[in-house]
Amino acid sequence: MYVAVKGGERAIENAHRLLAHERRGDCDVPELSLAQISGQLSLGVDRIMTEGSLYDRELAALALKQARGDMIEAIFLIRAFRATLPRFGATEPVDTGQMRVRRRISSTFKDIPGGQILGPTFDYTHRLLDPRLAEGSEPEAPATAEASAATMPRVTDILGRDGLIEPSPQVDADSAVGDLTREPLSFPADRDLRLQNLARADEGFLLALGYSTQRGYGRSHPFAGEIRLGEVEVEFMAEDVGFAVPLGAVTLTECQMVNQFKGSATEAPCFTRGYGLAFGQSERKTMSMALVDRSLRARELGEEIIAPAQDEEFVMSHSDNVQATGFVEHLKLPHYVDFQSELGLLRKLRKEFSEAATDTAAPMQEAAE
Amino acid sequence: MADSKIAVQDNDQPLLLADGLGKSYGRLSACRDVSFALYPGEVLAIVGESGSGKSTLLQLLSAQLSPSAGKVSYRMRDGVMRDLAALGEAERRFLLRTDWGYVHQDPVLGLRMAVSAGANVGERLMAVGWNHYGRIRDTATSWLERVEIDVGRIDDAPRTYSGGMRQRLQIARNLVTEPRLVFMDEPTGGLDVSVQARLLDLMRNLVSELGLAAIVVTHDLAVARLLSHRVMVMKGGRVIETGLTDQVLDDPREPYTQLLVSSILPA
Amino acid sequence: MNAPVYNFAYLDEQTKRMIRRAILKAIAIPGYQVPFASREMPMPYGWGTGGVQVTAAILGPADVLKVIDQGSDDTTNAISIRKFFARTAGVATTTATADATVIQTRHRIPEAPLHGGQVLVYQVPIPEPLRFLEPRETETRRMHALGEYGLMHVKLYEDIARFGHIATSYAYPVKVNARYVMDPSPTPKFDNPKMDNCPALQLFGAGREKRIYAIPPYTSVVSLDFEDHPFTRYRFDAPCALCGADDSYLDEIVTDDQGSRMFVCSDTDYCENRQAQGHRGSESAAPHKERPHG
């Protein structure tokens, strides 16, 4: 006697209750506040804002808490929320040249106007576990100095003055910037869409691709022209009032890579650019992004496309971790019906094979490729 | 022998016309001012050193590259002469898989290496609407026989084939739709001498049986002598000498051709 | 904090209009994959986001919704999606195929014939039937545009050469309206004939791949084959062990660890209807008994 399985609905509800319980963990341990997450796990929050493509620290902290620390799940929560937000328009382009810089380094010149500023960085820390953090301790107050009045021109602008680097591609001010969350992506994609895709792309995926270009899969001979971190003003052109209204400041990390020069019969050789930009402090992300951006310009620069990082269909179709995780994890969903079809076919083929094998000892062919 | 080769179809209209054809990349000119007419059933060999522009020319003629100057016209099956540059992509691709063949030097480029030999030959038939498995397979079988491939290997993928077999399979794959014009890019390159001889013999027979026109790019003058009716000698992107094959090879006019014929120049 | 407020059927009206435009275009060009700006939905990509967006765009307050996964109304993902719309749109839901105006499905077409006025919404993981033969989107779009489908037949040829018959058992490619080759989504090929000349509108949504396509009512849908190796439906030899149906697609149930198996209808609504009408199979129980665990 057989009774078909029922009660899936209650099972789902129970699973969700159990999840909420596990998320909270041991109730004798104080619960995390959003301020703690936002303030003390700030680089994680930055990544969620960048790949979630929504600048809201509080919501990103909430997402991280709700996701039990799973970054991709948190990014997914932010993306799904973002998708429902009304769209008023696009801000004016932010001017990173006017950034209130907290960190700024260049690997191409020893000294640059405005100076090198290390700022908060892991770079020269010795990676030794610090037991004082486990106990909880007050750090030393940071050193301070008078804010410099010197301007900090972008290193690429300094190179650009002598024509040593290609001009940053200027688009017609009236032409609309693409938005792949509003228009379906089609190939070949222009650089605005590529950069948007890379900005939302999984950090680990970009890191691996950027790394692969350094190891010879589409070399571009990069130099870190400049990496800068700080706050920039965001302005919105309000049609009603006729001028740009300041909306506030956002923290950005920008990386400008200076890459191998190109030249042709009609153009003098000059350095080329790769660009990376992210919310918050996200240096690994912006550097990887700049490497991959440069690689994806292969078509535009007439380079031979031989490596994965140069292949825009490959990169852009697989860079989004929300898409990737959904499709990988959908294998958990029932596939009884398809599997049944395959099972039936396989049994039939095996039967035919064993029947044939009794006649002749023909070798088995390879499975379909 | 020369007479039998020149005896072609009674069609005295050219099949393909090149007119002032050129291709340049920036200041670099790969190929300049090439004009000729190819008639049905005629085999033309383009010879020269590497870098002479012969491969560029073949790509221009087969509409894989667009010319910087001049044009290529082709007489379609309906008898109308058409400028290749004016063909739509659908027409161009249709031409490439029906009325034309293209034999690559490296068979890997011209075959689907993971697909069986039968399907490799049958693909062009299926692309033009053949829908009967048995007939596709019979036709593939008879083509394997014609190119001297053991029909017992019909279900094997070409990656299990030797170099000579792959090249013969590539030829069968191209000829199955009975094209009127076949482009060949160094068809015997990379093969052992004994394998080359057998392949050349096979190609010569097929070309004359089927009344095919062919344009063969080769650095090997033996290939030109055995296959072609006419020869064009290229140097530095230009055609420097042209004429009947035996005439050019036995009695070269240009000093460069003389050097080429006496195998002093590395090809 | 920015407290979220959601629209009827979750999606904002602007997005719905965008999706409806894509649907209209898809209906106008049967079998053609229309790109659309798929939104991030509150369920993962690959779990029906395309179908959910199509359903959200066409759903009205008077609609009656049925959601099935693997033919069943009671699989976890079907429940999850049905609850989503019950909550965000407040529409009536049903498990009865005949009563539904919109049926969202994953991997099956209901056994009961669909009627005019109904819409069947398929969830599609990979909309491109040529994808595993040619990975590049730019190239596959060109192949569709030029109607170059020789490669698809190469695949079928290879199957016959290797196995003696076409070894594709689900997501079996079809030609729609004698023009576009289309992926019917991973439904078993058993369901393919139901798509042909169907009175209901069939819509296909692929969220992650951002494509919508459609088969308008009464459109010809032909499964690809060779004249001498015609398409055949595959079905088990045995009838359903619960309702005795011999015309339905069956799930295989492993009943113990000794290799015992039984076969029952994958379409639970169809099976229950038949049992209610008094049909019985070899393992019939009293219908509709709940089990405590899912």
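All chains are identified by letter, namely A, B and C, in their written order; residue positions are counted from 1 within each chain.
In this text, a contact is a pair of C-beta atoms (placed from the backbone, for glycine too) under 8 Å apart; a residue touches a chain by one contact, two chains touch by 3 or more.
Note that this is a predicted model, so its numbers are computed, not measured.
> Tell me the chain pair with the top count of C-beta pairs in contact.
Looking at every pair of chains, the most contacts join A-C.
> Which chain maximises the distance between its CA centroid and that of chain C?
Centroid comparison gives B as the farthest chain from chain C.
> Suppose each chain is reduced to the average of its Cα coordinates; what separation in Å results between chain A and chain B?
About 49 Å, centre to centre.
> Between chain A and chain C, tell me the centre distance in angstrom, where each centre is the average of that chain's C-alpha atoms.
Result: the chain centres lie 33 Å from each other.
> Which residues belonging to chain B are in contact with no fewer than two other chains?
155
> Return the residues of chain A touching two or more other chains; collapse runs of consecutive numbers into ranges.
Residues 365 of chain A touch two or more partner chains.
> Which residues does chain C have that touch at least 2 chains other than itself?
158, 162
> List the residues on chain A that touch chain C in their complex, please.
Chain A reaches chain C through residues 1-12, 56, 58-59, 62, 76, 79-84, 86-87, 180-188, 313, 317, 322-323, 325-330, 333-338, 340-345, 349, 352, 365, 368.
> Which part of chain C faces chain B closely enough to touch in the complex?
142, 145-146, 148-151, 153-154, 157-158, 160-162, 226-229
> List the residues on chain C that touch chain A in their complex, please.
Residue positions touching the partner: 1-2, 4, 6-7, 10-12, 14, 35-42, 44-47, 49, 69-71, 74-77, 79-80, 83, 106-108, 125, 136-138, 158-159, 162-164, 167, 169-171, 186-190, 208, 210, 234, 236, 241-242, 249-253, 255, 262, 264, 266, 268, 271, 283, 285, 289-294.
> Considering only the defined contacts, which chain B positions touch chain C in the complex?
It is residues 89-90, 93, 97, 112, 115-116, 118-119, 122-124, 126-128, 131-134, 136-137, 154-155 of chain B that touch chain C.
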